[in-house]
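To keep things simple, chains are lettered A, B and C as they appear, and every chain counts its residues starting from 1.
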Amino acid sequence: MADIQWWGEEEGVGFPHVVASQQFSRKQLERLFLLATILKEKVPKGSVVDWLKGCNGAALFYEPSTRTRLSFETALNRLGATKVSSENAAEFSSAVKGESLGDTGSTMAQMADVIIMRHKTEGAARTVALRVNHKENPPAVINGGDGKGQHPTQALLDLYTIFERFGKIDGLKIAMVGDLKRGRTVRSLAYMLSKFKDIEIIFVFSRFSRMGQDVKDYLSSHGVKWSESSDLLGVSCRVDVVYMTRPQLEREWNPFKRWLMKRANRQLMMTLKIAEEMPGDSIILHPLPRNEEIAEEVDNNERAWYFRQVENGVYVRMALLLIIFNAAKAEELLASAV
Amino acid sequence: MADIQWWGEEEGVGFPHVVASQQFSRKQLERLFLLATILKEKVPKGSVVDWLKGCNGAALFYEPSTRTRLSFETALNRLGATKVSSENAAEFSSAVKGESLGDTGSTMAQMADVIIMRHKTEGAARTVALRVNHKENPPAVINGGDGKGQHPTQALLDLYTIFERFGKIDGLKIAMVGDLKRGRTVRSLAYMLSKFKDIEIIFVFSRFSRMGQDVKDYLSSHGVKWSESSDLLGVSCRVDVVYMTRPQLEREWNPFKRWLMKRANRQLMMTLKIAEEMPGDSIILHPLPRNEEIAEEVDNNERAWYFRQVENGVYVRMALLLIIFNAAKAEELLASAV
Amino acid sequence: MADIQWWGEEEGVGFPHVVASQQFSRKQLERLFLLATILKEKVPKGSVVDWLKGCNGAALFYEPSTRTRLSFETALNRLGATKVSSENAAEFSSAVKGESLGDTGSTMAQMADVIIMRHKTEGAARTVALRVNHKENPPAVINGGDGKGQHPTQALLDLYTIFERFGKIDGLKIAMVGDLKRGRTVRSLAYMLSKFKDIEIIFVFSRFSRMGQDVKDYLSSHGVKWSESSDLLGVSCRVDVVYMTRPQLEREWNPFKRWLMKRANRQLMMTLKIAEEMPGDSIILHPLPRNEEIAEEVDNNERAWYFRQVENGVYVRMALLLIIFNAAKAEELLASAV
């Protein structure tokens, strides 16, 4: 097993940094998911282990994302790490006193073993990762979302939740619904799905939220069958996964267009009626937060797996952190599972 | 002992959630106070135990209340729990991206064993508690203040401090002074006192801060003797407890009325001279922060127990947390004390 | 060894509080630096000990200074303490509800064993220290920067880094470069250097940033040789330490003057060319954050020790915390090193 890399390089940044979902090959994803599953059994909510003893994690959040931050911090807590945290790092010296992101990285490298970063600028985590690599004993940098760029741990937890339900990814049919134009998560998920075989993706869109041509071209060139539809009910009843997303109204400044988006999105609402028409073993996902695109009545349906995604997010992040700080333990857990 | 509930239900929300002070019966309060007293002796400042090992507490504060937050977090620390925290959760997805409080609760339920919540909306903690009850292995929700609603741990620590001084509550005379109209703490304390026998309450008010008729009616119907006065000196020298409060100027938008309130409040100032006229075993309480209503010269008088309230707040919160996460240990401590 | 104080008193505030760099004598500094060096070897990044077990540290930051806060919190984590933290304490009750700093201190004294405070008001930490001294079992107060006042742990880490490089302070030549008028760190460092022998300081300034006469007079009266220059290259090639600082543009409200300052500062830029002209064993320091006054190309030069300062900051703070909460362990480490 030691001859398989945990994950690879992308645009010059590789292990132990996690900056882009493309860093993970199909094999690496499957190994990560197996580890997450083991952790879910061995270190459930309400327990704590000392496998990250001595690890000091730094959460630097330049924009508010309490969900993501608390998930990472819970993962650190559960594994026995310590942490330091800033929920409003935009007032860190960089912004207020003119420091570069690189210098912030060099500074944090002297304190932290893992840096978890959220920033509004695309490539921010990559910039920091490149800088700390020059240091002795560099910390790992994990991208917790970089603006229009990536949010790799979200993509990993989405895919892991699908994997958990079906025991595989190959051959699945996935509907992606909602704001496909602005949503970062649907794009990332589409890219990751292209690493598997016989995938079929159906984009369910309103006229304000069509998936970009770049993603479609990418899928075509990687042998992924895709199509488009505006009929949520018709699509839902013949797929394995319905991945819902909210309209990213905050990224549209024109109020009239915002109103149109909101109205159009109502045509793409998951109701209990639609949910009940879905195949018995299918699931509904959502990266959260939701607005109105999934009716609350759906929550108690067995297909509603969106809060389970949150749960899985903790375990996927625990798996990454364990590999980064204590790979020997990760190998041991994986070996004992075979 | 196992046949006594730790605490009860109120408006459909019961143990292990703490959302309203009415959840506690007289017997339950006495048991809680005994546990707090044991913890004060066994786990004092400067020590730590592992009785909450594996417990992950989440402090979600939607409005700033550093005192309350740090008290809860200190309690978690002292008992060996881990924690995640947001001091500015209003920028959590809910506010910025349109998520409901219920969804925030469902999300946190996947990470935390206890959720401590402060919110400006009355009933916020109850809303979250009702939602997480649908989850498997739900976290306990503790209300850390919900706007004009409740702040039950403040009421508990107030009452515990009185109990600590006198070894009982029955038969005590309590003066409540200051902004009785707007203050949440005096109302809660009045309700809780009504569970005990032979209580006498004197409301000492200025004309801008008279206690509401609803509370007075409630007290009358529960056999609590009450009266009103504007003479702080005259009342102070014949009661066991003087409970001071600050004028809640921030809740009054009319600047002229604010000025009048401030001026009127100066008639209700606790000076060293008044303090020294009080009975030798009486105490002065204040929920803090104070403005000018207690002169600093009073701080060194033996009757000044308001900073002891802060200390007791940590132990009352430790008692609640221990019961929630490790009731067996709580029972053991109580059994060994008898 | 037990007959040497750890550190002394200044303006009525002494051990265990750390509010001013003047509290440390030359002997005390040397002992502190030895302890920091031992900790650097015994408790490096990636490790944790339990020497502060039971200690609850409170970080109260009234203005953003993530670097300083995370350094202190990392030190607490590394030594096994717990912590509570506010990165935006200006919204603590004091500001919003009219509480005094003294009351905040009295409140925190009931929860914390060490209070680390950053405030915009000069003397804030001293005010809190004086107040908590009246309490039973008072916490130590550490000044994490008080406006135009002091930032003693920054001064200590600056001096420690020089000590680490040369094994002594006596006889060194130190250039201080940049905004000498507004910079708090250069002033503190100058005062501390005056405790050592045969020090020579050269102030390298632009016409907007000349060192104040008060510091110069102080140095003269303490036998420190000082001079002034505007020639960074000429000075750099004949000193042991070049201490660079950024222009404190945020303290100058006149936009035209800001522009002049910025332009003037460009004459005082440390380039790789200048760095390479410096003596082989000399070092470049900077309190960080930097703007443009050190070119990034200098970072990889062996004389660039500014990120090492950040690293040393953690160990100096660990040394202080260990002395405060577990002096016996500090003594033991020092004894074993002799």
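Definition applied: a contact is a pair of C-beta atoms (placed from the backbone, for glycine too) under 8 Å apart; a residue touches a chain by one contact, two chains touch by 3 or more.
Just so it is clear, the model here is predicted, and its values are computed rather than measured.
Between chain A and chain C, the least number of touch steps comes to 1. Shared numbers divided by all numbers used gives the overlap of an interface; between chain A and chain B this overlap falls below half, so the copies present different residues. Chain centres here are Cα averages; for chain A and chain B they lie 40 Å apart.
Contact with two or more other chains is made by residues 85, 87-88 of chain A.
Those residues of chain A lying in contact with chain B across their complex are 45-48, 64-67, 69-71, 73-74, 77-78, 85, 87-88, 246, 249-250, 288-291, 296, 299-300, 307-308, 310-311, 313-314. Residue ranges on chain B touching chain A, taken from their complex, read 53-56, 58, 60, 82-89, 91-94, 96-99, 102-103, 106-113, 134-135, 137.
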